[in-house]
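Chain IDs A, B and C follow the sequence of writing; residue 1 opens each chain.
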Amino acid sequence: MTLALETVELRRNFGALAVTDNVSLKIPVGARHALIGPNGAGKTTLINLLTGVLRPSSGRILLGDEDITAYSPDRRVRRGLARTFQINQLFADMRVLENLGVAVHERRGMGSTWWRRARAEADVLELAGRFGLTQVLEQRVADLSYGQQRLVEIALAFACRPRVMLLDEPAAGVPEAEREDILAVVAALPEDVTVLLIEHDMDLVFRFARSMSVLVAGAVLVEGSPAEVAANPRVREVYLGEGGHG
Amino acid sequence: MGEGASVVPQPPPLTPALSQRERGNRLGLMLTVLFDGVAYGMVLFILACGLAVTLGLMNLVNLAHGAFAMAGGYAAVVLVNRWGLPFLLALPLAFLASAVLGAVLERTLYVHIYARSHFEQVLFSIGLVFIAVAITDYFAGSQQVFVNVPDFLRARFEVAGVSVGAYRLLIIVICAVVALAIHLVLAHTRFGSRLRAAVDDPRVARGLGINVNLIFAVTFAVGSGLAGLGGALGAEILGLDPSFPLKFMIYFLIVVTVGGTASISGAFLASLLLGIADVAGKYYVPEVGAFVIYCVMVAVLIWRPQGLFGRVRLR
Amino acid sequence: MRRWGEWVFWVVVAAAYFLLPSRSMLIAEIATTALFALSLDLVLGYAGILSLGHAAFFGLGAYAAGIAAKNGYGDPLLGLALAAAVAAAVGAVTSLLVLRGSDLTRLMVTLGVASILYELANRLSWLTGGADGLQDMDVGPVLGRFDFDLGGRVAAAYCLIVLFLAFLFVRLLVRSPFGWSLRAIRGNALRASAIGVPVNRRLIAAYTVGAGLAGIAGALLAQSTQFVSLDVLAFHRSADILLVLVIGGVGWLYGGLVGAVVFKLMQDLLSQLTPQYWELWIGLLLIAIVLVGRERITALFRPHAAPAPAE
């Protein structure tokens, strides 16, 4: 079984503290893998390492067969690894159509084309349809509701046609009324896209993930299917008091 | 650099073979250049440390910092030349004058731009510089002015082959004392620890009950005062005229950039490095001496973009 | 700007040329300043690079065209091409340094480059004329036919046409996928990188183009006045053009153009009233604009006011 994403003893130190401590993940193609852990466990650091925002202190990262450890963030995206951010990172003053357009241009290798006008590519319209954004294409992202902005956030990552998507708490901060849209969109991601989901919310994890890892103090504590992990006494210990909800 | 009194000693005529005495002279000259470089570096430090702190502390880009130096310089000129006060008394008064000016401007003008983008701070402070230059030009004329330095400070004496100027010696002594005082205040007083806390994280500091606004105001005033002191001291060796803030803006910025904004010692070491490099450059390679300081800056930025001692900022 | 507004603008510009022959030199100056401001807009407004030394490229272009004209290569278009090439080359090289580090280092490097060039121009007086300025320029006729006249009619037309063509070029650039990616970088460089935009490469390209255009503006000045002084590299030139852009509006195509018109007309007026306090008025204007808030002023002119360049 080929692996979509693999880390080999990935380590990141901040001074004497190992924020990421010998993490070795093996994520097969098409997986729906969740990564959970208490606050401060190092989940976001791990994502930053995977996407190239942070350099590891040691260890390697493999995307498919390719060693991407030394790649810049944008190069990793071109190789097929995209992410969303826990707090929306969008181009707030540009329209939705332009936000998606930039990503589509890059993917199609047209990002540096300066000699003709940019326009709404077919891909952008298709993306908007998939994410329910067709009505708001002409609006400035800053004028959208938070839930709609979150949809743009995920759509931006998907626009890169990634092989692996890293979703950092996709439903975070979204009001109840708009949560279902987010969850539906995540559930509807194509099967050939591997999804690594960072989450706090156990509901979401159980609905969506087929496998998961528990990260505590930078190291992987336990791995397995959601049912196995939930039944694991060490996990219960770590989450004592949090019950079933993040 | 300014057209002030000669910064560097004159080079000796070259001889093919050097006797023992001549080799001693060569060393003596090198030490003299070093000495002058240290003096120049010290003045740069006093001038620039206020800028380093306000940038590091309040994330405020203040290109008008040189205007406070100029104010101190002209204050000293007026106090000594017109009112006949002793030079050594005029120095702390110049400090006070600039500090008061700084405090007033901080509360009335700068306070509005703390939260603005760097771009707007740049625009704003450039505007202030232009106004300061125009006002000074109007009242004092555009020619260069000199402070009537007392005779005992104009002396030069030989110490082990090194030509030591009394004025430069005074500069080094005063600036070293001030640098030490700054260090002691920062490291050993309550104000110092509050200041360091506020630099580290203003929001947390406020949450701990530290009056961050007051600290900003006091720090800005002191920084401006120090610039004024530097202007008064430096007028003799840098040259003082209404365009001083514009001419020297880049030197202050170079000090802050090379030293990084995270620490005073960074600014101190950077000033020394740049002072010595500039003086030595102008002495040993006069055609390109003026460029040495820029080359040092470029070299440092290539090697460490955040400055020699800076923290890596995400901005 | 609305489409009809753009037409109106350029028609008014053309009308001004034909109806005000006695102000031709001023029109040429406005056009030159407008192009200079437009080039800075590309760097500051679209790429978000805070530059305090854009005059470096303006000056390089002026001296390149001037030195060429003095040494027998007087064809204006050749001068423009040379100026653009020299300025763009230096821009490309210095952009590598400009992009490292924070806002402060960017200020430093841009200021430093301009200062170094100023010093160089001062010292290499055998080449540049030093403090006396570059004289004896022999600028040939435009397209081999139109000689520069004393009244400045040819100069004004020449500058306006070059401005118009450069403007069309920048307009194309800004509306292209490349331009979109620049705006994305300015808006959120982190996210731009996270969707695959090679941020540094794009910024280098934008900075280089901005430098080249500034070089062309400098060449226009040199050729229409047949003189180049050290002043083209002075700090106040960088500061003035920053003000021009702020008056007109940063991040907006017509910002530099509108700003240039307002600034130059103001300068013309004030220089007749109180010539020696020009700097005072500029300083007050800058402070006023910052305190009042640019958005409120520029929002009067445009549908969507762009925010200040990214921190």
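To be clear about the criterion, a contact is a pair of C-beta atoms (placed from the backbone, for glycine too) under 8 Å apart; a residue touches a chain by one contact, two chains touch by 3 or more.
The structure displayed is predicted, hence computed values, not measured ones.
Student: Would you pick out the chains that touch subunit A and also touch subunit B?
Tutor: The shared contacts of subunit A and subunit B, listed by label, come to C.
Student: Quick check for the class: compute each chain's Cα centroid; which one is farthest from the centroid of subunit A?
Tutor: B
Student: Grab the C-alpha centre of each chain and report whichever is closest to the global C-alpha centre.
Tutor: Per-chain C-alpha centroids compared to the overall one single out C.
Student: Can you check how far apart subunit A and subunit B are, centre to centre, with Cα atoms defining each centre and the answer in Å?
Tutor: Spacing between the chain centres: roughly 49 Å.
Student: What's the distance between the Cα centroids of subunit A and subunit C, rounded to whole Å?
Tutor: 43
Student: I'd like the Å distance between the centres of subunit B and subunit C, where a centre is the mean of that chain's Cα atoms.
Tutor: 33
Student: For subunit B, write out the residues touching at least two other chains, lowest number first.
Tutor: none
Student: Spell out the part of subunit C that touches subunit A in their complex, as residue ranges.
Tutor: That would be residues 172-173, 175-181, 183-184, 187-188, 190-199, 201-202, 205, 304, 306-307 of subunit C.
Student: Write out the stretch or stretches of subunit B touching subunit C in their complex.
Tutor: 55, 61, 109, 112-113, 116-120, 122-124, 126-135, 137-138, 246, 249-250, 253-254, 256-257, 261, 287, 290-291, 294, 297-298, 301-302, 305-307, 313, 315
Student: In the complex formed with subunit B, which residues of subunit C make contact?
Tutor: Residues of subunit C touching subunit B: 44, 50, 52, 97, 100-105, 107-109, 111-112, 115-116, 119, 123, 235-236, 239, 242-243, 246, 276-277, 279-280, 282-287, 289-291, 294, 308-309, 311.
Student: Give every residue of subunit A touching subunit C within the complex, in rising order.
Tutor: Contact set of subunit A toward subunit C: 51, 53, 72-74, 77-78, 82-83, 85, 89-94, 98-99, 101-103, 105-107, 110-118, 140, 156-157, 159-160.
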